[in-house]
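Worksheet: the structure to be examined is printed underneath.
Letters A, B, C and D mark the chains as written, and numbering starts fresh at 1 in each.
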Amino acid sequence: MIDLPGLARAQASLIDAGRVLDRANMVPATGGNFSMRLDEHFMAVTVSGRHKGQLSGSDIMVTDFECVPLGSTLKPSDEALLHGQLYRLRPDVGAVLHTHCRAATALSCLVEGDELVLEGLELLKVFEGITTHEARLRIPVVDNSQDIPALAREVEPRLPQDDCHVYLIRGHGLYTWARDMTRCLYQVEALSALFDCELTVRRCR
Amino acid sequence: MIDLPGLARAQASLIDAGRVLDRANMVPATGGNFSMRLDEHFMAVTVSGRHKGQLSGSDIMVTDFECVPLGSTLKPSDEALLHGQLYRLRPDVGAVLHTHCRAATALSCLVEGDELVLEGLELLKVFEGITTHEARLRIPVVDNSQDIPALAREVEPRLPQDDCHVYLIRGHGLYTWARDMTRCLYQVEALSALFDCELTVRRCR
Amino acid sequence: MIDLPGLARAQASLIDAGRVLDRANMVPATGGNFSMRLDEHFMAVTVSGRHKGQLSGSDIMVTDFECVPLGSTLKPSDEALLHGQLYRLRPDVGAVLHTHCRAATALSCLVEGDELVLEGLELLKVFEGITTHEARLRIPVVDNSQDIPALAREVEPRLPQDDCHVYLIRGHGLYTWARDMTRCLYQVEALSALFDCELTVRRCR
Amino acid sequence: MIDLPGLARAQASLIDAGRVLDRANMVPATGGNFSMRLDEHFMAVTVSGRHKGQLSGSDIMVTDFECVPLGSTLKPSDEALLHGQLYRLRPDVGAVLHTHCRAATALSCLVEGDELVLEGLELLKVFEGITTHEARLRIPVVDNSQDIPALAREVEPRLPQDDCHVYLIRGHGLYTWARDMTRCLYQVEALSALFDCELTVRRCR
């Protein structure tokens, strides 16, 4: 097992994030995957096919941003490529979470175009650079695909933009990223509330 | 009390499954029943009338696949016949869970025909043999009956099919089965999210 | 403090029921009240104005079925009269639970007449005497009133009927009763699922 | 660190309130803020930008009712001004809670005017002075603003009224206040149930 500086701390953070997100019903079965940047070349990422509420250190591996494993014969999640892409394109990103938030998945099925816009909600301020509820958060929505490199190519043009903080994969779930894991978890909590509000308002109007 | 190889491990798994499913609100009152295959003739199955969130070893008994008790004077759940049927028809099945998942019950009341089809959702991949969200999961929906052998006869034609992983009894709940209990619990988690998404989308459209 | 046979056991059961129902979000603020029969004259009942998730022995008092306290200067809940009424009219009743189940309260506001009928649902079998989902459970719905004796008079004609297991007070909550506290808690769990299903089906049709 | 009489007790109450409200999903990310009156000049209030489910003593500071810190270089939440305003205008107020209750936020988006009226619900009796479900609770709804003094000016005319117990900020959350923290938490619990009922009834009609 490789030992990079920060790996033990990253493992502890990822294990803890898994427990929190499992209690919140956001990672059913073996769904979801998480990662943290270790340095400018490597990330710690969850191994494929594990339940995220019951992670241990051996369920987290190191790969480079193209998902080539370092010192491990385990397989990272196929979707790890989407994590590596974010670390490659955005030097400010330190943590990435992919969850199966129920409201996100339902909304992604209801949105017809390639974008969901949230506005007028205080919790939007959870995102870096947003200082008022009057901001509009533009969230790319892409069709799901089992061809992960194709998915990566589809979202790639949007990711370098500073005001892009989250995207949805239709019928699948959300990806969000932040400077560190604490902020990334805040975003997941806030997005759950934001999407829930959006769904409730759509139902009642 | 009979002692078959694997019984103690099966009891521990069933007790644990009960706690998990109770916390998830899926086994109200004495609802739901669970089982695990012990070998090619016998299964461990929950005794009738117990609360599934508070099981102990004595709440789990051994019967053959026709529900004849082995070394016990207790009564298995009437519905144990539906468990035995699955072990009889499907040598690949190691665990069966029947839960009163709320979204499943509500959907079963809303579906008018004898089938519910889920498609376009990533979590479908929880089922063996499904490798893409583009698959269509066909879920038989049968009318409820207190005549369990009649219920068994009604679902029997569908069960041998490899792509049949779950069925709904209208106004009652779901049955799902898998190679082992871990996978079976994953399916229950995934189905709850899948049915929930389906209900939300139906409400908003 | 009076000491009747069975009081200590009743207190322990009531304290435990409070914790369970609070975790299930069914007794917000100081809402809800619970009781158990001690004998043919007396009941143990929750004191007025306490949070039901944090009960201790001193939050439970003894009164007769007209709510006259025995060995206590505390005040029982005004609604204790509705508990005493059930013990008086129904010798088979050993426990009564009043909760603010959210689905029950919402449904009671939506029902226009004086009755809600549930049918076709397996969980109806939780009630004594119901052996098939084909039964129809007729649930009286009465308008709320701060005049508890008037409320009692309004429900009185329905209570002696063996097939009456629960009633709703509009915009307020539910009362249900059973032979013992275990069965009464099962009924509360089942009713929450039943009302939830009924609401979801109404929303989607 | 300043030490006013009652500060340690206030810190303990605020930390505990944070845990309760976090478990209830009412303070996502760093949302929400809480306070308690210390005397006729000062309040204990949560520091800006902390997660309310994980508060420790150092996350709570003392300010006067204009939010000038006492013995601290930390920054109180911008919205602390809305807390101070309540202590200034209402000598009977001992605790203030601002939460991001999901049903409150969704309802605030759906209400078109500047008021939401709740009526006919038993839980309204949680509020001081309300003794019957027949009361009408008039809840001011104000548009959100990042200009907190402007927000304060907008709600100011309503606050001195004895029958004003809560207001909503559109797309943001609720403020409620009471004599002490225990009652204030009761109000938050009751409001969650009340708003939830109101939303469900609106959806089904």
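To be clear about the criterion, contacts are C-beta pairs under 8 Å (C-beta built on N, C-alpha and C of every residue); 3 or more make two chains touch, one makes a residue touch a chain.
Chain by chain, the UniProt names read as follows: A, B, C, D = Methylthioribulose-1-phosphate dehydratase.
Here the structure is a predicted model, which means the values were calculated and not measured.
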Check the residue numbers that chain C and chain D use where they touch, and answer same if over half are used by both copies, otherwise different.
-> different
Inter-centroid spacing, chain D versus chain B (mean Cα positions, whole Å) | 45
Round to the nearest whole Å and give the separation of the Cα centres of chain A and chain D.
-> 32
Which residues belonging to chain A are in contact with no fewer than two other chains?
-> 203
Think of each chain as a node with edges to the chains it touches; is that a line, ring, star, complete or other?
-> ring
In the complex, chain B touches chain C at residues 25, 28-31, 51, 100, 102-103, 105-106, 109-110, 144, 146, 169-173, 199, 202-203
Over in the complex, which chain D residues touch chain C? Could you list them?
-> 120-123, 126, 131-134, 186-187, 189-190, 192-193, 196-197, 200-201, 203-205
